[in-house]
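Chains here go by letter, A, B, C and D, matching the order in which they are written, and residues are numbered from 1 within each.
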């Protein structure tokens, strides 16, 4: 297929490369052009604007950092909305809010274009090795046409529902599950450190109990207090928890743990942790227990 | 070794049987005698009182439901404290509080007896198949002597520290990790149900993301709203969260997610869920989002 | 002075009337015109559009329900922004968010117009009897010019700071103090009802303790479970708590009680209390304690 | 009447003196004897033990710091239980837990003695000037006999119910209302300080809004960050919030604001505020917003 790909950050680069590897024609665009060069060597054509990425494409992916970046790429000058062909599909893989997803869906529909939300779970390594988990929502036709693309970038694809924003709701709830796990682990570790229990022993027991590599990886960062470089920056985690709370408000469902996690992330922001990994939320529990950084 | 075993509930029966299978001499006691009969067929001798369980034993396990049951078994009439030989060890595997653990340790020390806290992680099936996770704390000598016993009942043993109550602190924090996961999952499911997303799809994605059988098993109970029979009754989960908060208070470490989970469990109790599985904490989130039981 | 007044709800009508009583020339506008007629009898001129309200006015008040209504009145067709004279002042008394206040301030500054935020505390009766508490922020000149107007509508005026949004921050924090008091009182009443203590006795003791008519008035509504007609609708309270949390996020200050109150209000919304008085937040505590409406 | 009075702290001294002023015969006891001397000058007889305080007394007050002190005074050597005459009444004015109150009631009933819980609201100045608020619960007969005593120490007496512990439940809920107000005020002040609003202006507006001397007094301590000497020590506030949560658990009623306040007080304890005034809970909000002590 002829594909456009906009947004070549840690995640987007791997995803675009795997689309190339699967034999698709890929035109790439990134706001700063350096990152596109690496993909050119793999066969990608480099576009000068988002619109340029769209002209001949049957599907255009966006993998951008937040609502505001998505808004610019779609509605800004030389944006997607004005350039995508009727019948072509915009696949938004960014972790954006449900309100923004509805706005994108409506704008594309008004222009006879298709829109899917297809956010992904996984770290940059998983993007590189085509092991992402893709959660997609929207009309059945475009989903069927794009399925080979999802299979090229991920290890599993889940269909969430007929309305694109439902996939964003699910993605945000998934990130909330991770964030709440980090908060709980941080609380437990602070309590146990004050009980003079070695946090490594707790981590070993928890990993044995849950049998989850996610607990093992994040738990190690917390136990070793090694929060740089950030795999996922705390300020982005705050954005996601804020977005899940907005979704919760839209559908009228209280999420008290999400509220609590938001306040803890905010406290972390106030103490200069914006660019540390989000697992550094554990430092908030440590401080409120009177523990010094070790 | 000559072993006493007090408390033949869902967990204790399997543990005692595995000690027999490993070739130890086991004397068993249960407050209601029916459960002991099954073990007699496996070679256990049945004792008439806790004290009777202790007389010739080098180690006596207790696997009881709460602090009050442990207190009775140790300090009550015909209790362990008065009968255990000097130098013999009481191994408490019950999920009791840290204050009670310190009280037991002191009482045994005053009588020249040894005391270990060795609580376990795992459901009754794991107890039956010798796949428990054992977390033990106390003096090195008794731990070394009892290590073959832990290996007979579990798949992994973790040494937590020199003071017995430290193992109880770790065990309570582990149960807190499970309880907070259930609360978070319940919040997410309520939000997604109101967004008309099929909870089963969310569960599938979460299981793919975390790669944890614990999420798969509990998640299925929540998604299918199947909370009976209880693998672990909600009233016992409330007890454990109350105990972790007492430990947190002792060591002066706030645990706000634990506080929140306690309140949710209390709300579940007020709405007659005491004997449902603790995963039914999800019903609290559902109700507060205005969802009816489906 | 020549004054425009936009927004003649429960609060605005009394405020406009008191400006008339103080001898000012007042031109009024309301989206639905019926409410303006009553003021015409008191000497007000009725305008056909917000712009019409502005033409000859030295100061134009807005007293509208939320950010969106304020946005329409200022930026919409025939709005304030296009009609207010250079040097004239827009006094926003609505309970709007701090981000909207900054946006209004910037828009007016760009047109050479002045802008003040001057939200008020008090119920409709206080608006009618000129007993509001006015909190004003913005540049010193316009504040000095408008001081006689504030004195005409209120019993006390507080100057908050040089930036208009600071008054909105203070107003939102004041409403948060009221909302958190209602939540706490609801929790205590639920606990005491389950302890078979007459809530009226608790209220009497609390009123004696705090010596506050606010506790007396709201407490009576909770104790008598009389939530209609709404003095202040619960859905508006949710809006205000959401806005205070947005302000808290802007300035990076966690407000966990505000987060909790937001979740309780959301639960109330999910159970059809949107149009009840905000003191009906107490029903959430009652339900979660298993109490039926009495 | 012949009265015994046990516990001559900041509160008890004033209460005992007012009983003397009202013409009663008062025998006083304090664990450390210095404080009793001052009352001797006012006509009190000094007893050597709690029991000695009881022998000829028709009513014996206890005004002690916590459950453990009450337990010692009643059940310890030379305690009240063994010395109070049949038909005489023990009036417990201490802020103790509801479980302890039930235990005291049962123990006195078993000995043919009467028992009332009659905790009080008010600071030491109010105790000295007979302006306490008394909340009493228990059987009607003893309450009627003791009413002149309550009138001698307070400005208002509220009858709570037939079971003594109900008065303790109400008292604890009252202290919870104060503690939650302090937490909310601290959150608002932290937010406003970060918005560069003068907290004094906020306090002035809040006092105008609530019209409550309680807000004025505590608000001033927070705004001026003057937490010593402690009118009511933070560690005692933590005790009271812990007790209200125990009551809430007994009656099965979640109190999430109480849980949150408990965690904030615990964080304050971890940062060495045990002996500061409980209004210093505001420092927790300040710290978590990244504010330094000013």
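The definition used in the following text is that contacts are C-beta pairs under 8 Å (C-beta built on N, C-alpha and C of every residue); 3 or more make two chains touch, one makes a residue touch a chain.
Quick caveat: nothing in here was measured; it's all calculated off a predicted structure.
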| item | value |
| --- | --- |
| Chain located farthest away, centre of chain C as origin (C-alpha) | B |
| Higher-contact pair (C-beta pairs counted), A-C versus B-C | A-C |
| Mean-CA-position distance for chain B and chain A (Å) | 37 |
| Centroid distance [mean C-alpha coordinates] between chain C and chain A, Å | 38 |
| Between chain B and chain C, centroid-to-centroid distance (C-alpha), Å | 52 |
| Multi-chain contact sites of chain A, meaning residues that touch two or more partners | 248, 252-256, 260, 264, 267, 270, 288-290 |
| Chain B - residues contacting chain A, complex | 98, 121, 133, 135, 155-156, 158-161, 163, 165-166, 169-170, 173-174, 176-178, 180-181, 183-185, 187-188, 190-192, 194-198, 201-202, 204-206, 208-215, 244, 247-248, 251-258, 260, 264, 285, 288-290 |
| For the chain D and chain B complex, residues of the former touching the latter | 242, 248-249, 252-256, 259-260, 262-264, 266-267, 269-270 |
| In the complex with chain C, residue positions of chain B that touch it | 256, 267, 270-272, 284, 287-290 |
